[in-house]
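Accompanying notes for the structure given below.
For reference, chains read A, B, C and D in written order, and residue numbers begin at 1 within each chain.
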Amino acid sequence: MSRSQPESRVLVTIAAIGGALALTVLLLTFVSSTPQAALRAFFLGPFSNRYYLGNMLNIFSTLAITGLGMAIAFRAGVFNLGGEGQLYVSALTATMTGLALASLPVMLGLPIALSVGILTGAVIAGLSGVFRYLWDTDELITSFLIASACIPIVDYLIVGPLKDQASNLLTTERVPEAFRLPRLLAPSQLNPTLIIALLLLVVAYIALFRTVRGYEWRLSGLNRQFARYGGIHTGVYIIVPMVVSGALHGLAGGLFVFGTHYATLVGFTAGLGWNGIAVALIAKRHPLGVIPAAAAFAYLESGAHIAMLHTDFTFELGTIIRAVIFLFVTATVLPHSDIAARMSGRVRPFSRKRQT
Amino acid sequence: MIYYAIEVMAPLLLAGLGGLFAELAGVLNIALEGMMLAGAFAAIVSASLTGSIAAGMLGGLIAGTVLAYLFYFVGIRMRANIFIVGLAINLLAAGSIPFLSSAMYGTKGVLRLPRVPRMPGFFVGIETGFPLLDQIFLGHSFGVYLTVPAVLLAGLVLQRTPFGLRLRSTGKNPETLRAVGLNPDRYRRAALLISGMGAGLAGSLLALRLGVYLPNVSAGRGWIALVTIYLGYKRPFGVLIAALCFALAEGVSVAAQGVLQIPGTILLGLPYILTVLAMIAYSAMRRVAPSDD
Amino acid sequence: MDLRHITKRYPENDVLAVRDVSLELRSGEIHALIGENGAGKSTLMKIAAGLLSSYDGEVRSRATDVCRLVQQHPQFIPHHQVWENLFLGIEPRTRWGLLNQEAAVRDFSALAGRYAFPVEPRMRAEGLSAAQAQLAAILGALLHNPDTLILDEPTAPCSDHETALVFEMMRSLRDDGRAVVLITHKLREVMEVSDRITVMRHGRVVGSLLTADTTPNELSSLMIGEDYQHSSSDRRFGVLRIDSGTAGRRSPVEKQDLETATAQTSPPNFQIPESRADPVFELREVSLVRRGRTLLERLNLKLYPGEILGVTGIRENGLEYIEDILSGSTEPNSGEVRIQGSRPSRYTPRAFRKLGLAYIPTDRLMRGASLSSSVEDNMILLDRKRFGRAGLLNRRASAHFSSALQQKFGITAVLGNPMHTLSGGNMQKVILSRELSQHSPVVVFSEPSWGLDFRSSERIHDEILRLSETGVGIILISSDIDEILSLCDRIVVMYKGNFARTLHGDERVRDTIGELMLGIEPEHSQSGAPGEAGVPQAPGEIESKDSAKGYGQ
Amino acid sequence: GCAPVEEEEAGRPYSIAVFVPGVVEGSPTYEMLVEGVRRAVDESENAEVRVVEGGFNQAEWSGSITSLAATESYDLIVSSNPSLPEIANEVSQSFPDQRFLVLDGYWEGNPRMRTVMFNQREQAYLNGYFAGLVTTGGMPASREARRIGLLAGQEYPMMNQVIRPAFLEGAQVVDPEIELDFRVLGNWFDAGRAADLANSMLDRGVDVILSIAGGGNQGVIATARDRDAYVLWFDSSGFHHGPGIVIGSSLVKLDQAAYERTRAAINGSLEFGVGEVLGVADGYVTFDSEDPNYTEYVPETIRAQHEQLMQRLMDEPMEFDIPGAN
């Protein structure tokens, strides 16, 4: 967040994006037999009709929540590398709650089901926080391992005991019609998750930058020793950020079910958790930065998807293009921030030994 | 089981050791996965072109190194976010290998190329007089026997050479290097290249053991290698222990599938759970121990 | 070395730190560089040492000349051993190209031995006390065999004894025909050791004189830019009254405006106790054991309202552990702490603060400040709750608060800029302003005047006195005997984790303290307050390896 | 921006989209699917085909097929996967004019959809019987233990309810004592772990493994090669992957079915609304006995016994309960 020469920074960013786009165009021109169509589908596809637009916004919604979940943890100097698993498990618990409560009225059943999802994510991530608090185990690693352990269990449950016997998909039963969130741009998948996501971003921004707790939260992330010295309960700011991060992933999982897929399918998270990390980092860990970051992500994703459906654009091509854009954009937009240094060196500007 | 655990451990360990260098130089190399994949692909291609295992391993090593250089260039020279660069390299490997594969051989699936030799077992006929030891330690593929010197070498280089000292200092506080007129970026580059070599070599072991290249053959081992660095408390010998633990846990889960009545899929989570428990137990023990402050 | 027309602007905060300065450093000379906080001394010397790149002007020196700067706050890699830190870039090698640890340790020990610096090469840097770290950093510079050695406030963390060692080293370098630059705020030292003096003010050189031709008064007027009257408590000229023994508390300079400002900025958070009979702070049989070593042994201490209690000693004799105990940063292994009669719920700074303790830490960079946060965010740390309205942070109120503090303490800073853009002295002022705005009944100061120019440290001393007048109990941890002598009612001297002795009234003599610090029991008085002082164990010399090993790690 | 270009009615080609729920390469079934449809299109005067890879995330398939249907430019969408009929059925509620041909899946009663299912029970049974012959001593490297192995990429209904029991059932025809060692890889690509799983099976006395694990099969081959064991292939001919190691392949003639049904669709003669099941008797499920490796490495006696089983299935097809059939 350097204050120096914002104009040149903007210029550099634009140049980087321009470079990435130029490379994309070049790549497509060489590879595709119908480069024009592929380019058009890739770049304009997401805006070509309400279906694609809605789907893109829906991808954005989920990514925004997971990205926020990561950003907010980073701000407190803790790292949640288990978002993918948290999302997945929460989706399952939310689904099962929804199925179990089918007889309840929506206004009661749906909030309960979502809360169960939130709780699941919070507990799984919170465990890592508690472990760090109690035993000083690295939450980066434990969150990754715990989530990795959960994924096969969920896989098994969906394929085995919780499987929808009526379907050949590897999926749970679908939640009752009444519980499904309304579609905003039918037939696209867009649903009120978008509104929730935007609200959450704003709330998180205010909470982080405009409240006393947010001040303590950020300070704990910047210099935990200092925060402790100042009488901040730093233990709280190890556990709570992990819990909140997990809860956001849990919420994302629950909404993913009730808004988009109506069931939990094997492997349906497909990297949402990982992409959340990238979104958070591109957003410079800033809640409002998550908006453009997640939007760019969603745009690329749906562009690649559409081009794949309608032209000879391939899966790999989409992957390569995303890689190229990553390389370009972050190379120049992000300053060599402390988080980058810490993510890389895991250098924490405080001693981890003596903590409350 | 221990025999196979050792076999499983070898690539993890090589990648982990490589990653350790990067880690100590202050660069979290999450691109190990992509580098392994590239190493695997290049190993099969060059083994097929030359008909030699050694050339295959060299090819893997070079491929990993090339990606590592890209990592260095964007992540360090251009000051990009290390994590995102890592993700990008992984994507790049995952995307461009099928691309190359289909351009070169017309398939992006299983790549079974002619002239790829089988990985020979080493020390096969030898007997030391301890049949149990023979059974566990002899007859492994070449890569396994690479790991022991690799651990020793890594330890030597990191702890006992000026280069290692500077590299470790880079990770802890690059300013101290700058203050004495050294350029920390040089050490970051060296560390990254070494990690690329380790991961590339690890990938080549995976592929040469099978004799074919398969999409996604690394199957998350790059991530596990990363975990072993932390589990091993960032020491070469620790990484060895961690990789071995993980391999044993994996071995337990594999063997348990045949014996226990628990569904196989669930057991796949076992290595992770065992690892977390080991980690907690270790940390908790350290806390209790009076030597801690 | 010759600096010509150097100008340096920091773009981050648009500060013109050095303005058109020309300076000549001659070999065979000790050159003192003085000036108030933020005058630009560190910046200028960083330029001389080639550590800053973008500046105007010219630095001339012979190509073969080596110039080393020992920075104001030397930083080590905590996990690495001392020799690993210091031989970086000049590692001795064996025939095989491997690190030659023996040679490094040998060279280092030889050098340390030459100047009698008590630093162990194989010790981990995290175990170094601040003074040892400073000495180690100096040795690190010497390893490069510099033609020009620049020391940026090297004596700040040093006791008299260590200061003497440093000066000895400087003289021997000078006699060896090298150029030595000393930045310091202690005029006494300047007068004692330097040959020539350059005074800086607001980025400019305002005078360059021969030490023999000048007086402290002239220097301080030059620094401040006016004819300045020292208050009687000015310890830097304590030479004049060192043996006055009874010299206790002086009447503080009138600071009416200051007090009113304090009243405005914050209503008292705590009740200052009416009765002066009960201790506000107590240690009972407190011991601290780490890694099987007893660092503090059964300490007892009582602090009464309005009292200034000095704790001194050589830092590695337990001064830093007592700092941690007094501030709640570390939990003692046995014994208990009482603040205003109550036991804290836990041994955390949080619990201690709730009971009414304020604390100015020695470690400003890590513990005292969040360097990447704004100055304002650093100032409101303790008062954050007061700016919360329904949980929301009232930024206008906090800005008002911070600028009031800034004015009151004369802090040169832009409140919105990150803390790391401040000069060392201004950082300390930020910390002080924050702590003193709390109106806590107990204040622990640890080395409050390290790195402060004398006007600032005088302000702090006055502030300490004023606080005690209002009934605040103060513990002053300091390795600076002058500071302790000029301020404290009672002085405890630490030696090897014990309170060697508590000194009252006329016992408070510089030499006595000095001897106690070194573990030498002075002959002329044996009247330590019973129960509050341990008897020193085997007298021994501080520079012996024993003590360094025993308390360092 | 993908509106189809309208051409005059007469010249408008018959347009087909092949939706591959995964990626084509590396998957014999999908390769056969694409090949069959392509052949049909090539042979007809006025037809065109586009192949769309849908990726492995099943949650996305529905959306992708909806997108394809929404363009309204395809006369027929062809796909292959047991779960596709229900997805197609759902899409067809929103796009009632879209026609579907789904292979390897079963659905009755949607007048716009035709499905073709293969009797995988018979297919697994063929493999099982062959495995039984091998483990009871029919091959040079057969071991004493009467234990056969099955490695699955993942667990799924067809695997758990059909293939696994039928495989064992077939083996137990040879000897009721035969046991099955069933393992799960967890994905379809980790050949390294597949090799370890195979090793672990061999440790327990298994001598022949049916590998249905995608890329993981390569790991099984590598182990079998190192330790002298046998591998059976499923769906396509696998002999070339390891001559002398892969000694049996059950075949599903998906390419042929795809070719024939697509041709019929182009000609307008394909009947929709029905779901057919094709088995050994129909000639769509068989055991590859033509491959030279088969005759070279498999002893005469085994081949003959297996041939007899084929004959028996020709005469009396096995009942096939399709999991999750509507």
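Criterion: contacts are C-beta pairs under 8 Å (C-beta built on N, C-alpha and C of every residue); 3 or more make two chains touch, one makes a residue touch a chain.
Small disclaimer: the values here were computed from a predicted structure and weren't measured.
Of the two chain pairs shown, B-C and A-D, the one joined by more C-beta contacts is A-D.
The distance from the centre of chain B to the centre of chain C, each centre being the mean of the chain's C-alpha atoms, comes to 47 Å. Between the CA-based centres of chain B and chain D the separation comes to 35 Å, rounded to the whole angstrom. With each centre defined as the average position of its C-alpha atoms, the distance from chain A to chain B rounds to 28 Å.
Annotation for chain D: residues 23, 154-155, 186 touch two or more other chains.
Each of residues 78 in chain C touches at least two other chains.
Annotation for chain A: residues 152, 155-156, 159-160 touch two or more other chains. Looking at which chains touch one another, you get A-B, A-C, A-D, B-C, B-D. Touching chain B in their complex are the following residues of chain C: 51, 71, 75-80, 84-85, 87-91, 93, 97-99, 144, 290-292. Looking at the complex, you find that chain A touches chain D at residues 37, 40-41, 44-45, 48, 51-52, 55, 152, 155-156, 159-160, 163, 165-171, 187, 189, 261, 265-268, 270, 305-306, 308-310, 314-315. Interface residues of chain A facing chain C in the complex, by the touch rule stated above, are 2-4, 206, 210-216, 218-219, 222-223, 225-233, 338, 349-351, 354, 356. Chain contact summary for the complex, chain B toward chain A: residues 23, 26-28, 70, 74-75, 78-85, 87-92, 94-96, 98-99, 108, 171-173, 223, 227, 230-231, 263, 265-270, 272-273, 275-276, 279-280, 283-284, 286-287, 293. Within the complex formed with chain A, the chain C residues making contact are 11-12, 78, 327, 329-330, 346, 348-350, 353-354, 359, 361, 366-373, 377, 380-382, 384-385, 387-388, 391-393, 395.
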